[in-house]
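After this come two complexes, each holding subunit A, first together with subunit B and then together with subunit C.
Let's look at the complex of A and B:
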């Protein structure tokens, strides 16, 4: 497809009204903004999946018999929930990242884990801490009789969790999960602070070069609101698709 | 499985007896206190490890941290001040906005709904940049030029998402009051304004308190974001201190000290929120 007329229209818009959207008609800005957008979406997608995985595993561990294990999960939740995500990110990237780096030639240190990966780790753990609590609430809402019935049918604890409790708990947790995942999508912007080239970072570069702060800010807001809209829409669809007819928690 | 009282049974036989105060509160506190201790232990351990790493002739790690402590405490105080102010502004703007969302006039309802959703769905950091870069750095009031400092602009930036969240809280709380309350008040010839002010909202305040406190905790942990836009709060000052010391073994102790500071401030709030939620829970 040839977009040239569209790009030309934005060039004309700049001439006619002064609205300077270089991300459309300047090929270099377009290229880097698009890459920033892709990086953001990739970061968000990976973190969404990982944080849900952390939540599922954490909720399972919280029901474990071993008390130290339960305490460890509880400690993880409380520490990640009650401290600023930005400080966590700095702690991981600058403090832990320093020890996970090797000294190369000329005394320069090369990090073993890149900033994108650190952002993924930190954000997944941060959102995961909230997800554990959300799933735990869902698990508590599953009637005890259902679990007992599964036990009577010879399910082990793990199998009852995977096949009986989790599918029900998941449905109960979806509205709260929805909320938290929207928050996660918004929180990915903090990876700006460790120079992950995501949308906000790239937009900052562009408005520094082109001096079009208001335009870029509005573009960012519109894109983020639509990204969140997509997540909410998808989650609502999913919620409806997963609904068990007649099951009211 | 640790579960609440199984009062889901519909049969009126032997309904479990329940005391007013939930019995599990004291044991819940014991492990929770130990999390604070665990974090403090991480800090102490990192100090010890850093001490072992630091070369001979350098000042002790604890002494170095102690030297910077007053400055960092000042920064942290700014964090708290920003959180208070942003919460106050956000609540003052958000409560009327939430009431507009239940207005009988469709344009008011739609407009306030849009504003709420827009600010709720945009990232805090983007809103911060928005306010930081697009608000003027000084305004002239009656001939006087009043400068607007960066921290004030970022406070306004943080109060926007708070406003939207408070607006949703108010709307949700009003919705959660059983409709019979409206009808009963209507039957007693209360006007709509009277119903709202004298019957519905007083009940909402109680329901809104726990989520409102939760929002405050979220806001507090969001205040370090202002360091990204150049406000000299605890995060910025920690980085400055680290830069001027230029000792890599200080990284972990300093950052964990900051984590501990926020934890010590936020954890009691989240405990109190959970306790209130439990107390106000309607079974």
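Let's look at the complex of A and C:
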């Protein structure tokens, strides 16, 4: 499909009104902004899935019989919940990254883990720490009698968790989870600090080159409102689909 | 249309020069008569022009001003200027000469008399590990390079050479990212690198590419005096500075990394003389 007339319209818009949206008519800016958008969406999607997984596993481990395991989970939650995500990101990339570089090709020092991977690790663990607590709240709201009934029917602890406790707990946790995931989508912007070419980073590059800060700020605003809207819409749909009549209102 | 505008511009300039010529031509005489020269210099741009602990303005450019005063046999008065008022100070006659780290730009040439030859320049280069073996800019294609967020040359370098930029907020983060091997090299001002290369920490690194996108600096007199005696005097002054290597000497004195531009100008001036 040929978009040239559309791009030309934005060029005309700049000439006529001074609204400088180079992300449409400058091919280099268009390319990098589109890539920034894709990077953002990819980062958000991966972190959403991983952080929920961390939450599910973490909440199960919280109820483990072995004390060291419970302590480990508690320690993880406290560390990740009580420190700013930006500090964590810097710590991972600049402090841990220092010990994780090797002599690579032609004896050049090469980083083992790239900035995108560090962002995924850090943000998933950060949001995951909150998710563990969110799921714990849901699990504790499942009536003790239900768990005992499962035990009476011969369910092991793991099977009771997977088939009975978690599905019920999930429904109770969804509104809080929804909140945290929306927060996660927005928090991915901090990965610009370690040069992950996501949208905020790219927008920053573009407005330094083109001096069109207000335009790019508005573009970011519109895109983020839409992205968060999509997440909220999907979560609400899911919430409705999972509803057990008469169980959680 | 453009041509007519241009013609008009030239005519207007000539008219202004004619009108102001006789009065302005006296700056050189005025300096001698007063026994002092007022030079506009930066006071916040280390090491080109800054205040020492006693409050005196010192640096690379004040030393140049001192040379001018010495040559004229007058007393030097330094007037601190900033980028937003330096050209106005000159136009208003508050200063006789401006040496204030100013880039030579076409639109500025319309306002003040930038004297040829230009006296300094900084450009863009890459700091990379010697083992990376960078020899030309084309080798950066598809490679990751580190940079500073918001530097004006990031986009042209990315567009022209296909380098993939990892840009950080400050120099410290960029330095760390480079040392940890997150990029093959760091694209930045060549003047910022030469200073680092003198440090043992960077012994495995080099700045092996030719400097590009060089931005020269010019000193200026009032526009109408550019081709008059005062402008000619300053032009001769700069030529002498380049020929004798005085600017390179000053560069060393203020521990400014050696600029390729000064070296080139020095060699050219020597050749022209012999």
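Keep in mind that, in the parts below, the second predicted complex is superposed on the first by the 243 of 249 C-alpha atoms of A that agree within 3 Å, B and C clash if a C-alpha of one lies under 4 Å from a C-alpha of the other, contacts with A are read in each partner's own complex, and residues count from 1 in each chain.
Basically, a contact is a pair of C-beta atoms (placed from the backbone, for glycine too) under 8 Å apart; a residue touches a chain by one contact, two chains touch by 3 or more.
None of these values were measured; they are calculated from a predicted model.
J.: What does the overlay on subunit A give for subunit B and subunit C, a clash or a fit?
T.: Aligned on subunit A, subunit C fits beside subunit B.
J.: Give one of first, second, both or neither to describe whether A:41 is in contact with subunit B, with subunit C, with both, or with none.
T.: In the superposition, A:41 contacts neither subunit B nor subunit C.
J.: Applying the document's definition of touch, where does A:193 land relative to subunit B and subunit C: first, second, both, or neither?
T.: So A:193 meets both subunit B and subunit C here.
J.: Check the residue A:28 against both partner chains and state whether it touches subunit B (first), subunit C (second), both, or neither.
T.: second
J.: Based on the superposed arrangement, let me know which partner A:137 touches: subunit B (first), subunit C (second), both, or neither?
T.: After superposition on chain A, A:137 lies in contact with neither partner.
J.: Return first, second, both or neither, reflecting whether A:108 touches subunit B, subunit C, both chains, or no partner chain.
T.: In the superposed model, A:108 contacts subunit C only, not subunit B.
J.: Just checking: does A:94 make contact with subunit B only, subunit C only, both, or neither of them? Give me first, second, both or neither.
T.: both
J.: Nearest 10 degrees is fine: what angle do the Cα centroids of subunit B and subunit C make about that of subunit A?
T.: For this superposed arrangement the angle is about 80 degrees.
J.: Return the chain, subunit B or subunit C, that is in touch with more residues of subunit A.
T.: Subunit A has more residues touched by B than by the other partner.
J.: Please work out whether A:220 is in contact with subunit B alone, subunit C alone, both, or neither, and reply first, second, both or neither.
T.: first
J.: Mind working out whether A:78 is in touch with subunit B, subunit C, both or neither, as first, second, both or neither?
T.: first
J.: Is A:229 in contact with subunit B, with subunit C, with both, or with neither (first, second, both, neither)?
T.: first
J.: Considering the aligned complexes, could you tell me the closest Cα pair distance between subunit B and subunit C in angstrom?
T.: 5
J.: Once the two structures are superposed, pull the subunit A residues common to the subunit B and subunit C interfaces.
T.: Shared contact residues on subunit A: 94, 98, 193, 204.
J.: Taking the complex as given, what residues does subunit A use to touch subunit C?
T.: That would be residues 28, 94, 97-98, 101, 104, 106-111, 114-115, 193-195, 201, 204-205, 208-209 of subunit A.
J.: Which residues of subunit B touch subunit A in their complex?
T.: Per the touch definition, subunit B meets subunit A at residues 1, 3-4, 6, 8, 31-32, 34-35, 38-39, 117-118, 121-127, 129-130, 133-134, 217, 220-225, 227-228, 235, 239, 248, 251-252, 255-256, 258-259, 262-263, 266-267, 270.
J.: Contact residues on subunit A for subunit B in the complex?
T.: 63, 71, 74-75, 78-79, 81-88, 90-91, 94-96, 98-99, 140, 143-144, 147, 182, 186-190, 192-193, 200, 204, 207, 213-214, 217, 220-221, 224-225, 228-229
J.: Enumerate the contact residues on subunit C facing subunit A in the complex.
T.: 129, 131-133, 146, 149-152, 154-155, 158-159, 165-169, 173, 176-177, 179-182, 184
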